[in-house]
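Dumping the structure here so I can ask a few things about it.
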């Protein structure tokens, strides 16, 4: 196949859209923390994309997408961008290899950014840098390989269109593990840690919705019918998730605006692995159920007193898990030649369960180990005084609002 | 009538409000302020150096109370605002010579 | 015709850009209300896109773009996305039908969002949901059909490149009607209801300008010369509108920054129906006049003491009206085979007048009826106390800024 | 060559991305000034794009890209958009001439916006308008001609892929000159002029990073391998710049978040002229060095007590200078047929030095003269009282935050 | 000299300023505060339940005035700030023992 | 014990803090306020017309000090806050009848 300008334009703009999701996460999270840590929170996202960008061109892309070694990891063929050039790459035949690499890069970046939920308002910057580099190399790169580059999960026939396992399950369950290691924020049990700027969080959520079109429809890798279908189901699921969470919170008390945008994100997360396989009506169901499920997960998380501060687990972890299973349930051969449970193929559903559980286990365990390791050596947390003063001043020496 | 001004930690407001309500004191006015006490805030260490974070955010509670309630209110605020660490805050009592209610126009207290 | 990857990439990215306009409207409006209702204001926009997204895939697209029934409404051929697939659709021969459907979806969404101007800081959430679903079905869908899908206005030869009538006249004059029904905000006559965050409004306006390239140039439906021309005139008119309103307010006192960005929006609105038919120099005139005209409309609105709170009528209604007429004046056969008044074709101008007036009348009357209906049954407004406390706390139980 | 839909989609979306950079600059700068001048600061950017948009379609494009006159300036062939149509233009054979013109327009706009750094919180609005129109006509248009449209610098063989000289050196050194003329803000020497909203500045920086993909990868003018390569090096250099400045500030005290995003911008600036000529690893070096260099320039600027308020000189001027030279050092014939110093071609390096110095000199001298001229006639600054009250109220009669 | 502290509704500031100006009182200092009176704010009903919105935003006006002006100022503020509904606010008067003007350095009042 | 309330220009806070520290006065509470003096703010000219910008941002410093320190503190603030232009601010001293420390619960001053 030859390089096609339309497909190339599409994958490049999709990469740009996904890139914008990283500061989108930063704003979403930044609005939810207290004003004394908002700079820190946004900085973790910017740092995530900066670190991931460098790690990826040096080694990450090669580990994830280099030629398969035993189904486990990629080889070193693409290290330092060797053999990654302007002509077609192995996995996308109509776009430059560099464009495909770049598109994958921004996924690695945003995944790392999602993770910062777990460490909000209390992590040491140096430890975050070390943990990030370890995590993206040891957790993200292999997972991406397993699912997208001929690894063992791909071998099982598991489907993950745009990263339900690789991005969302992995960041969500890793956040859970890291939150357990780093511990609660001071005051978490005694007073309310109020979001300091809900409009900022809503801007962040809006940028996520916007960028997600690149995430999911870009994952078609060509600008054609499949991308259009992924685009539509993405939007549908987001809308359904938003309405579902809004109504859910309404039933329990008041219709929460933050709930509505969280529901949109939940819907986007859940449709991610399914985006290239399901039809619009299924997307409606997937999104609506995601809204309710992730809301319940959040209530459960709060109920057990766990400070996985900004709900990467409840929204990305649980939503991603649901999305992975939903792909196995709703995959419609009229969309993309794969059939799920309701189209008479229980095997697909089984494959999805295996892939999802493997991702949950791998991400959780490895993240727990890495976090313990960094904690034992460098220490994950700032001091009590630094946390009290807030990371903006204590870590960065800067004040968000004069 | 006296005016009580208490400067407390932001995160203790909930406790203070509850404690006061239990004793029947509801009316109050709260202002965001920045403050430092004799300790000049908090000293943070970094790489050999250190910086002093003075002017931490605090809340000022203002309550106008009858003379006989001053002690109860002071005590209640003190107890509910305390964490035992530097920076817990201060309470001051100022005399009030007159007071009025906007809605009704009633005025009480001595006239000059 | 076959699907073209370049055209498909263009329409998809255009759809994404237009999607971003909805939160853009939310931010623009959110910055202009008081801080006690900013969450509510942004939420109405997010809700608008969520509701419109679901209504559209279920019935809206079919009502608007299904096979024509008597020039009035579309048939049910596309209901629940039946017959809307990955191959070309009837109205855009080089892009997947789903992509065309999606592009139209975001127009319906942003139109609904614009409408929220009328009900700022005082609408009941449940009533908004009901009114929105009614409005988009009863007002938007038929209007879209009339103009873009073989309806009676198209039959008249009326031109509306990207939605001057369907989007702007309809939302603007509907806002006027709804504002009359719902009544003024408490305090409107006694004290100044100051915008709480002008930078937020300016961010919103910037996103609108950005997204409008998708709106207008995307409406070419292909990535070629016509799209480029629409792109250029869009930008030109925005710039001219900005400068004109700035100067206008300067003459009356001080050069208003909010006026400048409102002027840009006025310019964008006015060029919308004309974008595929006029040349750059005409766009300069259209935009500049739009800036002055909409500014005058705003002054008039304030003068008569009408609380159409965020000026959807003055900017979108009046600007859209002017744009519809301007299309009939300036249409240049060198651009797109249609000639307007100044190119010797008064017939076009007449058709534009008819289309514009029909849209004004239909939108105003139907919206008035719908708003009265909802008011009589559910009640449109929150209670006096809720309004005083602000919708953020009263409706959502949330506070924008801690 | 014929118009290609993929290339056209790419250049249009790139133009939209670059357009967004202008409000991005506004937000970046707006967050850095005091709250009493934030509306003014954002307004200067919106005004920059409005003025540049109009100037460009009337005369600017023709002066820059009209047929060459003695290597100095373009002819009047394209004045008032004459001969600029829907078919291919002279400089980009696969996209409509109008699209190419538009893409260039947004460059002129953002360059003007960058310049506003020099006059923050103290310029008279009328003088800004006059100075802007003069500057973009007298400084920007010729420079663009020299480098990109067959002017004398192009004749020398100097390379500037996306505007290192035209955009960054020119705006940065012009800002320096204008800052010298307009003088320091009141209080600059006696008290700290604190940024009022660092999250706003970070949002601005994020939009710049996002938009820069259009800036650099769009400058390939086609959607193919070269664009992909430019995309990748752009991102890499941004990331490296961010990390470098962060570490630099850490070594001197605390890791600055504002430093990190400034470093990203420095990296983006430096890679701009080189984006189509260097490989990824070179980009890493270029960006990292840019971060450190621009940080040093900023420290120097502060050290000598110069109020070039928002560091257009330190970041764009110095970063652009380094980028121009770096192009001559790192240009890799494997990327784009041009070799730099390390690939054995000192001639390229020499050409870059000449081009860079010529741009520095022209921009600085002409801007100094223009600023003096405007100062002598209209007066550049507001009164002392107006400055004290803040430009938002004094100039616009508006207050940013209620 | 006395200090008048008035807590009023935000939206009445305009009226209060105008009314005071008419009587010749211009100088004042205004602070954003949150407050609740005896009524504990506003109770909103929803779906059978209800929530109490206490701590509504208010403005505090501080004015230092000569003793003989205290009554006029109090009266004027009361009248111009009134809406007649709960939450209209309060006015208090505190004694001042000394005052100074920064620009000139003048000080007046008793010395301790 | 006395309470000193000083309203100063925002940009003079640094000077004032330094000057007070040198004299050994560290503890203080600072509030953002809006204010106008007798001059009614600043009058700006434009195109023949003019507008008055009243209610400029100021800072209010509150310090509780022992009676014998009142004069020193007043003097120090006055001198360090001065620019010599209209709007430099005011200082007032109010009597305090009691004070308490939250952390320790100590109370001093007369009891009613």
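We just call them A, B, C, D, E and F in the order they show up, numbering each chain from 1.
In this text, a contact is a pair of C-beta atoms (placed from the backbone, for glycine too) under 8 Å apart; a residue touches a chain by one contact, two chains touch by 3 or more.
Keep in mind the model is a prediction, meaning the values are calculated, not measured.
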Interchain contact steps from chain B to chain C (minimum; 1 if touching): 2
Self-contact between copies chain A and chain D, residue sets same or different by half: different
Across the interfaces A-C and A-B, which one involves more C-beta pairs in contact? A-C
Between chain E and chain F, centroid-to-centroid distance (C-alpha), Å: 18
Using the average of all C-alpha atoms in each chain as its centre, how far is it in Å between chain C and chain D? 33
How many angstrom lie between the CA centroids of chain C and chain E, rounded to a whole number? 45
Name the residues of chain E that each touch 2 or more other chains. 31, 94-95
Give me the residues of chain C that touch two or more other chains. 4-7, 9-10, 13, 197, 203, 253-254, 397
Would you mind writing out the residues of chain D in touch with chain C in their complex? 3-10, 12-13, 15-16, 19-20, 23, 26-27, 30, 38-40, 42-43, 46-47, 49-51, 53-54, 57, 80-81, 85-87, 95-99, 101-102, 105, 125, 197, 200, 203, 392, 395-402
Within their complex, state which residues of chain C touch chain D. 4-7, 9-10, 13, 17, 34-35, 94, 194-199, 202-203, 205-206, 209-210, 213-214, 217, 222-229, 231-232, 235-236, 238-240, 242-243, 246, 253-258, 260-261, 264, 279-281, 284
Which residues of chain E touch chain F in their complex? 1, 3, 26-31, 62, 64, 94-103, 105, 107, 109, 111-112
Interface residues, chain F side, partner chain E - complex: 2, 5-8, 31-38, 40, 55, 58, 60, 67-68, 70-71, 74, 77-79, 81-95
Which residues of chain D touch chain F in their complex? 36, 187, 190-192, 383, 385-386, 388-389, 393-394, 397
